[in-house]
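Chain naming follows the written order as A, B, C and D, and within any one chain the residues start at number 1.
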Amino acid sequence: MPPQSEPDVAAGTPEQTRASASPQPASRAALPEPEVAREWLQMMTLIRRFEERAGEMYARAKVGGFLHLSIGEEATIVGSTRALTETDYLVSTYRSHGYALARGTEPERVMAELFGRVGGCCGGHGGSMHMFDIERRFMGGYGIVGGNLPIATGIALASDYAQTDEVTLCTFGDGASNQGTFGETLNLAALWRLPVVFVVINNQFGMGTSLERHSAVTDLQRKGESLGVPGTRCDGMDVADTHAVIAEAVERVRADRRPVLVEAVTYRFRGHSMADPEEYRSKEEVARWRERDPLPVFGALLEGEGVIDAHDRKEIDREAVDRVDRAVEFAEDSPFPAAESLYEDVYVLDEQVRGTYH
Amino acid sequence: MPPQSEPDVAAGTPEQTRASASPQPASRAALPEPEVAREWLQMMTLIRRFEERAGEMYARAKVGGFLHLSIGEEATIVGSTRALTETDYLVSTYRSHGYALARGTEPERVMAELFGRVGGCCGGHGGSMHMFDIERRFMGGYGIVGGNLPIATGIALASDYAQTDEVTLCTFGDGASNQGTFGETLNLAALWRLPVVFVVINNQFGMGTSLERHSAVTDLQRKGESLGVPGTRCDGMDVADTHAVIAEAVERVRADRRPVLVEAVTYRFRGHSMADPEEYRSKEEVARWRERDPLPVFGALLEGEGVIDAHDRKEIDREAVDRVDRAVEFAEDSPFPAAESLYEDVYVLDEQVRGTYH
Amino acid sequence: MAELRYREALNAALREELERDERVLLMGEDIGVFGGAFKVTDGLLEEFGERRVRDTPISENTIVGIGVGAAMSGLRPVVELMTVNFALLAFDQIVNSAAHIRYMFGGQVTVPLTIRMPQGAGHQLGPTHSHCLEAMFLHVPGLLVAVPATPADAKGLLKTAIRDENPVIFIEHESLYGMKGEVDDDKEATVDFGHARIAREGADVTIVGISRMALTAERAAETLAKEHGVEAEVIDPRTLRPLDLATILTSVQKTNRCVIVEEGWPHGGVGANFAALIAEHAFDDLDAPVARVSGADVPMPYSKPLEDIAFPHEPQIVEAALATLGQRPAAIPGAR
Amino acid sequence: MAELRYREALNAALREELERDERVLLMGEDIGVFGGAFKVTDGLLEEFGERRVRDTPISENTIVGIGVGAAMSGLRPVVELMTVNFALLAFDQIVNSAAHIRYMFGGQVTVPLTIRMPQGAGHQLGPTHSHCLEAMFLHVPGLLVAVPATPADAKGLLKTAIRDENPVIFIEHESLYGMKGEVDDDKEATVDFGHARIAREGADVTIVGISRMALTAERAAETLAKEHGVEAEVIDPRTLRPLDLATILTSVQKTNRCVIVEEGWPHGGVGANFAALIAEHAFDDLDAPVARVSGADVPMPYSKPLEDIAFPHEPQIVEAALATLGQRPAAIPGAR
């Protein structure tokens, strides 16, 4: 699906959304090289197994705070991150375990962060909502809905300022598109022609509020038009389509130095966070979407295309489970931060300063 | 120009803006009844003379703070306010003298507010940026750019809640359309189907920043489309066209319970406030727009159509000047607030409270 | 009287005021279909319908601004901000609009708006989700600030807030929602603003606890009595504006020692404000400087052991109280 | 040395740092073509071009957030908020992002961002345009807060702010832009944070003045000396974080009396914070409670005579100082 540089359809109506909100057949985006396809499946599997385990660890009180799982959204995560080069930047939300993993952060360090240990990628300061890995250019995990858009745009400004060809990809939710920063940031990014790809993860809900109950325009790919940002849409349940559309958007932004908005249509299989009775949606709706679970669907597709066989699929799953086991072991063994470290990293302390910071 | 319920053109480009920014011939909106047309001219004249005098009083240090004049925007003010009934609500910005006058607040009380006297419409607490007249349902004068949009929408919510057919009209500037509240408020007003008419006063500049340097989309009538708010445009230099378009929008909103955005294309002849060297625009540009000065143009039109004669025009001007003289006298004679009143109206003090408020 | 949880007491207050006054309506993120992030508004949508219980998009500044406009035109909106952390997005409407409009417009309108929000640490929500900002709200003239610590006060103060003509910042505590207590079920019973609650009487030292810290202070007082023979008087101000300074001063005149306990940051905190007020009004009664026990001067860390030492618990309060009695080295604010 | 206005000193600091460090860039509303609402950035667009001096749309929260992101990736942005009043729209990015990101992400990044903004009353700008919010910024760990009162400090502290690795809230004063003073023209001269300025020596009473109030305090000290034979020591802390508490304490140990003068609101103000700190560290040295002179606890009225009595002038400071010496009834904070 090529990016549309200009609007061509009317503003979405609730009816239309319900259409886009109901599962669609996987589109026909071509498969990549076998090795690449296999790696996508491996990463999607790792994210799935990692988050299932994180959920268990939360139930066992090994993990605290909020835990927002992206189970069901793995194709969106892998399809988008695989559209980036090593030097591109990634910014996501509080629903960020999968993005860190896809970007290459060791599962050990992500799990240790969930456990609040020194071995965690943020030394236990951030937790589930605030993952970060400077080496992988994964620029965070942000807990404030809509707060990450300006930050991502500032990173893109730095790339532009240094005249590099780096692109920043910023993900946020359908609910976040109603936050003031959305309009402010898209306008500014378009005005300054900054290399940022905005990816709105339309998982149909902002917490318990369904898309048509929180956004007057539900055809989210068009929500940037009035701000000078052209939009497009991908099937977020299909890793190949997601990758094709977002890769095209990334390269277009790299070349044109103009932001683009991509709507990834997907679904969150689990509750918003671990504390969510899910009374706002029907079991049937969830079941319909689960039929399109990106993991088995893509696995079966690769098997059908002869890219892998049944044994490979088992292997890939076993490897993922083993890796997650090791991650839990590492987290368990990693110590808690020492009490003395409480005040570390609040400030960069500087010789020149005599006064008291605290 | 009928409101467009759906987008039909591409997002504006700087070129297009420069077009819309350069003076256009007055459109052919039909004139109203002679008495109505005369009243429009009288009010536009009163506003002009009032603000010219306010400027002089500022130079003589009778008026303090910032003084934002809307000289050049009188057709927009009168055309829009005359589209409202007595029970409709009006909300404007810090550039609000004209709106208060057009809504019926006595020039005496507006001038006294500028003088900071007890006779002022806000008893001297608000000043130029914060006019208010509850009896005329002029709900303020707000100093924070973009801060008045949610307030106006809350007023519309109250009308809707009470199931009245009142409409709220909210004016704000081209620069304000970049503020987060713009996107947040329009989305919410559309979602809740609130009876509010958003009028963006496109006077080509946000302070010293020209439209195409602050907004990626410069065709402002379209800036609400991605938010579910259809837009239209009027010639803000032509009181008849402004009235025709906004009256249609107001009645449409009254009937459909759906917000509409109207772009009024106009120009500010004076500086942004009294302290503005105006280095950001050319004398020629200002001169071109002054050729379309709404006051002489409309006066000449009425004379040409035989609605009034040359003598009437002089009379109307003399009456305005006399009224402004009386306003200044009143303001001069009104006392300054007493020191003891400093803490009045911070809180509604209530018997039940024992503790100290301050 | 009935035994209710803090959450249920708030829910009852909202229900009763919705029944009592047609002008009352609720707005907030996920307060309707979801029943509220902390289930405070559970069942109210079903009972009162979408006209009066409104789910909003995620747009904090605008939600508060709409509440202001609605309040100016005669309604009595109760806006829920999912947590105090997100109130930072609405500070413009809270300060420049809600707090100042009545004064700015010469008293022509009132803004009877209640803005509810829970705050507090203890759930490992990390830096962006654990703020305590009562000191910032306290700073702003035009606002009233309530900080209920018990189910009874949660209900009684919320009803007063909704009926008050002024904008009220109503600060709940995330850790108290499940707490049970006796609550007056008389629909007309309210708790006045500006009336401190003396949670425990004592003659040796006055301990003022804000929000949840009033309860922690009560427990610390028991320890002081049992283990140190020190009788502490524990005061819960209930509202920070208006403030019942008289009750605090009367107590300090009796005990000559005072400890202020708050969960928020120490610099420019509530404790500093009270310490200054008490010194100004009762300097000669003080045998020791007013002591402050507060949250640590750091963003709230996620890791459990760090979070635990980053906000006050009984031991710090006991130490601080003993210090005012010369039985310990003086404490410096900031939990550790 | 050269004689410059406060405005010109700031302009010189920005120019020098733009020349010195390619990573420095300026962003803000009307700072370019318009030259800045208060002309602080005048001429810099012409000199450094649109890449480094950027006019922004009116989007405060996003402008600060973009500054944070740019700072995280190696730039040293200087964001101008036209006035402190509009910073209320950016509190989320200032607190949840700028102040907390380094800690939240375990020290992996720094946020060397400077956010400049003028504040203060005196120009009849009314309730929405006259705030002094240093007490709110002071409350937040992770931020540094500078409040220059002279052209020399304006230049020296701004250069330090831009070179510092931490996010700095740099608070200028609208009434000082035209003030002249001697300024060091050495491009490498800076003024350190955390070093208070002793504006005047004296042994009878310590007067600490924040921002413009340091100057008002100096004038009050002259009156105290001439008309009352009282020698006041006047201290300008220059930065509120880090705070040079040592210099203040040393002075109080000498004078045994202290008056804090601020322009902002009294409750939860800077004065309360200092009063608490001083009492905690020097209780036995105090012969009188630390006195506070502050702005009135009201939204700032427009009308000239009301505005005049709503923020501190020399007389209130003189009265408060004499009160600490027992020569007047004790003052209560809030100008009148």
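General remarks:
The definition used in the following text is that a contact is a pair of C-beta atoms (placed from the backbone, for glycine too) under 8 Å apart; a residue touches a chain by one contact, two chains touch by 3 or more.
Because the structure is predicted, anything quoted here is derived from the model rather than measured.
Across A-D and A-C, the chain pair carrying more C-beta contacts is A-D.
With centres computed as the average of Cα coordinates, no chain lies farther from chain A than B. The centroid of the Cα atoms in chain A and the matching centroid in chain D are 41 Å apart. Centre-to-centre separation between chain B and chain D, using Cα means, comes to 36 Å. Remark: chain C and chain D have CA centroids separated by 30 Å (rounded to whole angstrom).
Those residues of chain D in touch with two or more other chains are numbered 56-57, 59, 61-62, 85-86, 89, 92, 96, 103-104, 126-128, 141-142, 241, 297-299, 301. Each of the following residues of chain B touches two or more other chains: 122, 124-126, 130, 142-144, 147, 178-181, 184, 187-188, 191, 213-215, 346, 358. Residues of chain B touching chain A in their complex: 6-7, 10-11, 178-184, 186-188, 190-191, 213-217, 222-229. On the chain D side of its complex with chain C, the touching residues are 61, 85-86, 88-89, 91-92, 95-96, 99-100, 103-104, 126-128, 131, 135-136, 138-142, 241, 264-265, 267-273, 275-277, 279-280, 283, 288-292, 297-299, 301, 330, 332-333. On the side of chain D, the complex with chain B involves touching residues 29-30, 33-35, 37, 55-59, 61-62, 85-86, 89, 123-129, 296-299, 301-306, 309-310, 334, 336.
Chain C meets chain B in the complex at residues 25, 51, 54, 56-57, 59, 61-75, 77, 92-93, 96-97, 101-110, 141-142, 144, 160, 164-166, 192-196, 239, 241-246.
Remark: chain A residues 89, 120-126, 130, 132-134, 139-140, 142-144, 147, 149-159, 161-162, 180-181, 184-185, 187-188, 191-192, 344-348, 350, 352-358 touch chain D in the complex.
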